[in-house]
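Dropping the structures in below, format is structure tokens.
Each of the next two complexes has chain A plus one other chain: chain B in the first, chain C in the second.
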Partner chain A sequence: MRNFSHVDAASAKEASSNASKSSALFIAGGTDLLGTLKDEILPSYPEKVINLKTIGGMDGIRDEGGAVLIGALAKISALAESDLAIAHATALAQACEKVASPTIRNMATIGGNICQMHRCWYFRVPDNRFACRRKGGNYCPARIGDNRYHSIYGEQDGCYAASSHDTAPALIALGATISTTKRKLAAEDFFVINGIRSNALEADEVVTEISVPKAAKSAFQKFALRKSIDFPLVNCAAARLGDDSVCIALGGVYPSPVRIQAAEAAVAGGITEASAQSAADAAVAECRPLPKSGYKVEIARALVKRTLMELK
Partner chain B sequence: MASNVSRRDFLKGGGLAGITIAGVASLGVGSVLGTEEACAATATMTEFVYTCPVCGQHTSDYDALVKHFDGTHPGAAVPQAVALTINGTTFMAQVEPQWTLRETLLYAVGLTGNAKQMCDRGACGSCSVLIDGVPALSCSVLAVECEGRQIETSEGIAADPAYRPLFESYVKHDASQCGYCTPGHLTVAKYILTKYGDPSADQIRAELAGNICRCGTYSRHVAAIQEAAASLKGGN
Partner chain C sequence: MGETSVWELEGRNQEREDFKIVGTEGHPGRQSWDMASGAAKFPTDLHREGTLVAMALRCPFGRARVKVKDVSKAEALEGVRLVVTHEDEEISEMPRMVPSWFEFGRSPLLSDEAEFEGDECGVVVVAISEEVCKDALSLVEVEWEVLPFILDARDAAKPGAPILRPEMNPDSNLTGNTFGAPITWELGNVEEGFKEADHIEVIEYGRQMWSQFRPMPPAYFAYWDDDPWGNPDGNKIGYVTNHAHFPSNGPIVSAYLGAGTDMDKYRALSPYMAARYCDFVEKRGAQFAPVLSKRLGGVPIRYIQSRRESFDAAVPQSFFTVRIGFKKDGTLCAVQSKNIHQVGARGGYGDKTHGHLVLPANAQGFKSTSCPNIHSEMGYYVTNGACTTADPGKDHWEPVNLAFAKIADTLDMPISDVIMKNVKVTAPSLEACMAAGKQAFGWDEKWHLPGKRTLADGRLHGIACRSCWSMTWGMISYNINLRMREGKVYMPYQESLIGTYWPDAAQMVIAEETGMKLEDVVVYYAGHYPNWNQGDAADRGSTCTWAAKEAAIDLKRKICEVGCTYLGAEADEVDIIDSMLVLKADPSVQMPIGATGQIATGFCGKPLVPFQNDVIRTMNVDFCEVAVDTETGLVEILDYCSAHDFGKIIRPSSGLGQLENALTMASGRALREELVWDEGTGVLLNGNMYDYKVPTALDQPEILTVPVETRCGGGAYGSTGVAHAHCDGGLVGLAIQNAIGEFIPMLPYTPDKVLEALGKISQGR
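Up next, the complex of A and B:
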């Protein structure tokens, strides 16, 4: 890695104001950030890395009436084992259990997981060799290159990457709200393409807390090539919300995780084997896979059905 | 330097001085390994020398180093002086902010077990160390963020007589082939033994899921750790 200066932050506000003064990146668990800095995949290298781990009181998981409040610094492993999350945000706890490896789960934080950058191999190629759409270029190398792990729902702002967070579809399905130092965002609005970022955050904005409304029942399914340490090819989360409606979200199929309203409509009258199947078919009806990513359509179809059957 | 430092330690020390830490570091290495001669040498440790990573100039205290940077290398990030507690011994190390714990263990402290470069991207688990008793990847942690935390490497576990049965059962079951991933496996194995006491095969497989072995010795780790658990329980 090239040189940078390292600053410990005492509070999220301080970290944010410190970041607005010079080019800076935030480090929490570091499992994503250090890889990007070692490979120098970004168009610019930060002068400063601001350590968020020194901020006190931001790693709790607590019960707040109708919602589970999760501090951004809560470890993925803590969430996977939290009784509160397992009981009321089952999909999120299950998703956390499937993130990477046990060792990485001990280090990585939920805030970092939702802020990780895309795993597209053209975006991630060392030394920033492709000026792709995410880096201010005018084309997507995956469009004509090897796109076996890319989008099946077409492009977003010219980019065909696939979202790689395991927790994102769970947060969307559960209707979570993400608080930052500047605002509150619904999970659905949080995950959008934004330059090199996979979320709507500004350069000096820090995620502080995630509020997940309690759901009676929710489930998560992941399909990856390897059982341990692998990013999802496709993952799916579904939740039965308070008003008995069902919310379904897919990850790994589009640059941002997507909520599938067509599938939700298909199971509005109750979940049966047949309605789950028609929801799965509806979910992939609009797919426009790339030449090599067509197989992911069938994976998405199967995962939507499996996840819904768990909610039965 | 003490007269009874071995040639090997002396050579290590020479290499270290060129990188960041002068003289004293080599004595520290020995004490981590727990050799008698090194323990004697540690007693002679008196001062810590800071070395400018840009021009190689030595200074005796940190303030002087900061002043040197302000005057001679304005704009460059100043190395930090960090006290790292490794295997129970606290070391002063001059660490650059971008150094990972793995690089620091290898280049500044001289512990070669867990600190070999494998994938260096957090994908293989070979560099796993215990930080405050929990496995963490030393390639994905910045050394400056480890101050005040208990770091334990495979060398420390090897020097602990209580964990002798673990190493013996690893040897007995031939649970390492090329040996590259073994230090990482052993540190996680210690965590498994302390967490579960008497781990089941499924628990061991789940906890070792992040440790990749290209030789494919996976089944033997399970057998070796279970046998170690049995003999640790028997008070052996």
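Up next, the complex of A and C:
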């Protein structure tokens, strides 16, 4: 790892202001960032790493009437064990329970999880071996390379990576809103290819809070090759919202997690074995897998159905 | 149905039956305490004031030649202490480890050609920090000539493939990337055998490269300093980390030899290193660190190899096509086997594979069957990608068991019956393992025809078993030295420890044979004890107890010869019981053995059994139960049972622990593990612990170990090797076949392959 200056922030605004003055990255749990810096996977190295953990009062999980309000510094393990989250944002609590391992969950934060960079193995090769689309290059090496873990819904801005956040589909399905030092964003709009980032944040923008509307019922499923310390090949969340509609989101299938409205329509009349299967088929009807990622279509199909059946 | 092996007990005390210590439990090992308490020091724990860092230029391409044009900017950078290039006179004269029994391994320690992405080449920099090293390396002006590379041994075998090592043999332009013509072995008349067959089938088996399973990157640390003993020539002594579990510190010593020093000029610093699988790949860092340190007057040097760079050692690829002929009753009558086996880049075990495996590996397994007609062909092909390490034994058995499964599938027989019908020697070892394993696993209750059982959760259920030999490893001479002083027996060891606990097993054997209390036998690490070949690997670790036994017997004899006079008796009239010398006729007459003064002895030798033979005396049978999710292709191993003939189990916790370790490795290799390179660039894609998917604790199946003791092995009391036999994942594939009715020809059995076998997808591969 190279040297950088490490600065403690007293507030999100101060962190944001500090970041705007030089090349900087934010650190909370550090479970993603430290590996990134050790391996030097990015085209440039930050002069400064701004520590958000010193910001007080940004790690709470509280009941705000119709929503669960979650501070960006709330630990993944805290969310997985939160009675409030388990009762009203079940899919999110279940997703948190599936993140990595106990030690990582005890370090990692919800803000960090939604801001983690992609796990595409071309993007992650140390020493920036592949100057891919995300790093200012003009091609995606995964498109013609080994794409077994990559997108099955085509490219986004020329990138074929697969989103790797465990919590993102749950936040989308639950209709969460993400607050930053600059704005509020619907979770569905938050996750998007943006240079090296997997979200819409600007370089000096800090996630401060996540508001998750309470859902009557929600569920989450994750498919990975290992039972712990693994990123999803595919994950899926579904929620029954206040108006009794169902919202379904898939992760690991596209550079950003996607809401599957065709599948939602298939269960608009209620969830049965048959309608769940129809929804699953509809969810993958538009898939355009890469040469080696075709099997993920079947996994996505299975997960959509299984997740919906949990809402039945 | 098979023959019986009559094992003639060889050597002294092989027939011993009265064990007081060997085979008993409740003896916490010294290593266990070290590791559990944190007392164990690994190379990464080592540090000295003023340590400098060394790093090499790493090749960013699949294969390339580098021209070092200018190092002046790097040399001028503040904090840089030394820059050496491949043209450096001393470095260029230093070979990498050269196995004495193989002629093609020789290659320079640092050359201008890199054989794989991440390979060291061209330049090494020593500086005050890793960051300065990186900056200095970026200032070195180089020019790369990208060369063609090959990642798959099957591609290397194709006519017209790029010749990777033109110097390898004079005929390389004719023979391609191999050491010569494929090795063949023949028994009977294969074509006649196929004429007798009622069924003829062709089976495929293949596996990609596996990592050596190392959770911690090597940490090469070295310095030169005065030695309290001093040196007649006034030279300092080199202190180095010990990174080779075999053969002793040979690779490091070769560096000294290359640098004009000698073996007695070094001291090993740490006995512990991270877990490795049969690591015959010697890393340049082990040789660079002491050489660079010496060049700088002995200053401590840490040579950096990152975790990703430590994925440069792999278990080789192997691809089989086997045509089998068999009769209606399941009897194998003809085998025609062709094997393409990989030899990786220079510096690995692959360099000597050709010389090591005396016979075609696939013939080794089929030779152990009763099949009278066998033709086997095995070719070794060099590739890029990584160095390759050892692959002892498993190749011999994976295609054999696949053949048995194919027979079972064709004839609707349990594979257990096919095994017993076709393995040449079944008694006593195989019969005992099969019976004990079937009972423990519940084979008779669980077995069904392929595709015929669905679990309550909708997944398909499958089981299989397979047989394999338990290696004797009689080829290596072990060296044990013992000294009795003041009532205790001391045994020094020097080899690095990778968790096989052989010193703890040797301690028990020594106590058993000498009559000492276990606590009066002291095993201690002696870093400067120039011992050679105390086996610390799984199989050698078990059988090196032979040497410990022989040495202990001799020590006891000497103690009795000296001590008997104090008791007014002859040597054969006294014994040692609980660390006391006693008169056999009247055990109340006794004296402390310490009163006899200091007595020492040693034994260097090997178990008196042939190394590779078609009569396998000790066997094991593994059983596996899986559940297959037909919607996602995910395979879960539910139960893994291993009935292993230990011959004689010496230290139960070590022996059974070895089985669990090996089955863990097998489950990872079966379901997830493979090294993946980008085919276009030769860049390794999964050189990290996220993307190279070793099993986690939650991924472990239920593991049931069933020890069998037939006393048929070649080690002490008929003991035998353990772990190697269980490290492959082919058995899981056979269980999947029992579940879904289809064979999958390539490991690992990942969801894409399972879904393809089920006909749900068609993947381009």
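Simple rule for what comes next: the second predicted complex is superposed on the first by the 312 of 312 C-alpha atoms of A that agree within 3 Å, B and C clash if a C-alpha of one lies under 4 Å from a C-alpha of the other, contacts with A are read in each partner's own complex, and residues count from 1 in each chain.
Just so we're on the same page, contacts are C-beta pairs under 8 Å (C-beta built on N, C-alpha and C of every residue); 3 or more make two chains touch, one makes a residue touch a chain.
Bear in mind that the values here come from a model prediction, so they are computed numbers and not experimental data.
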item	value
Which superposed partner A:Asn3 touches (first chain B, second chain C, both, neither)	both
Chain C versus chain B, contacts on chain A by residue	C
Which superposed partner A:Lys227 touches (first chain B, second chain C, both, neither)	both
Touched partner set for A:Ser22, first chain B, second chain C, both or neither	neither
First (chain B), second (chain C), both or neither touched by A:Ile104	first
Partner chain(s) touched by A:Arg129 [first = chain B, second = chain C, both, neither]	second
First, second, both or neither for A:Ser245, with chain B first and chain C second	neither
Touched partner set for A:Ile144, first chain B, second chain C, both or neither	second
Partner chain(s) touched by A:Asn51 [first = chain B, second = chain C, both, neither]	first
Overlapping contact positions on chain A, where the chain C interface meets the chain B interface	1-3, 101, 227-229
In the complex, chain B residues that touch chain A	76-78, 80, 96-100, 120-123, 125, 128, 134-137, 139-142, 144-145, 188, 206-207, 209-212
Residue ranges of chain A in contact with chain B within the complex	1-6, 27, 29-31, 34-35, 37-38, 49, 51, 53, 100-104, 106-107, 227-229
Sites on chain C touched by chain A in the complex	58, 60, 117, 130-131, 134, 306, 308, 629, 631-634, 671-672, 676, 678-681, 683-686, 688-691, 693, 695-699, 750-752, 755-756, 760-765
Sites on chain A touched by chain C in the complex	1-3, 39, 101, 119, 121-122, 124-127, 129-130, 141, 144-146, 148, 223, 225-231, 233, 291-292, 294-295, 297-299, 301-303
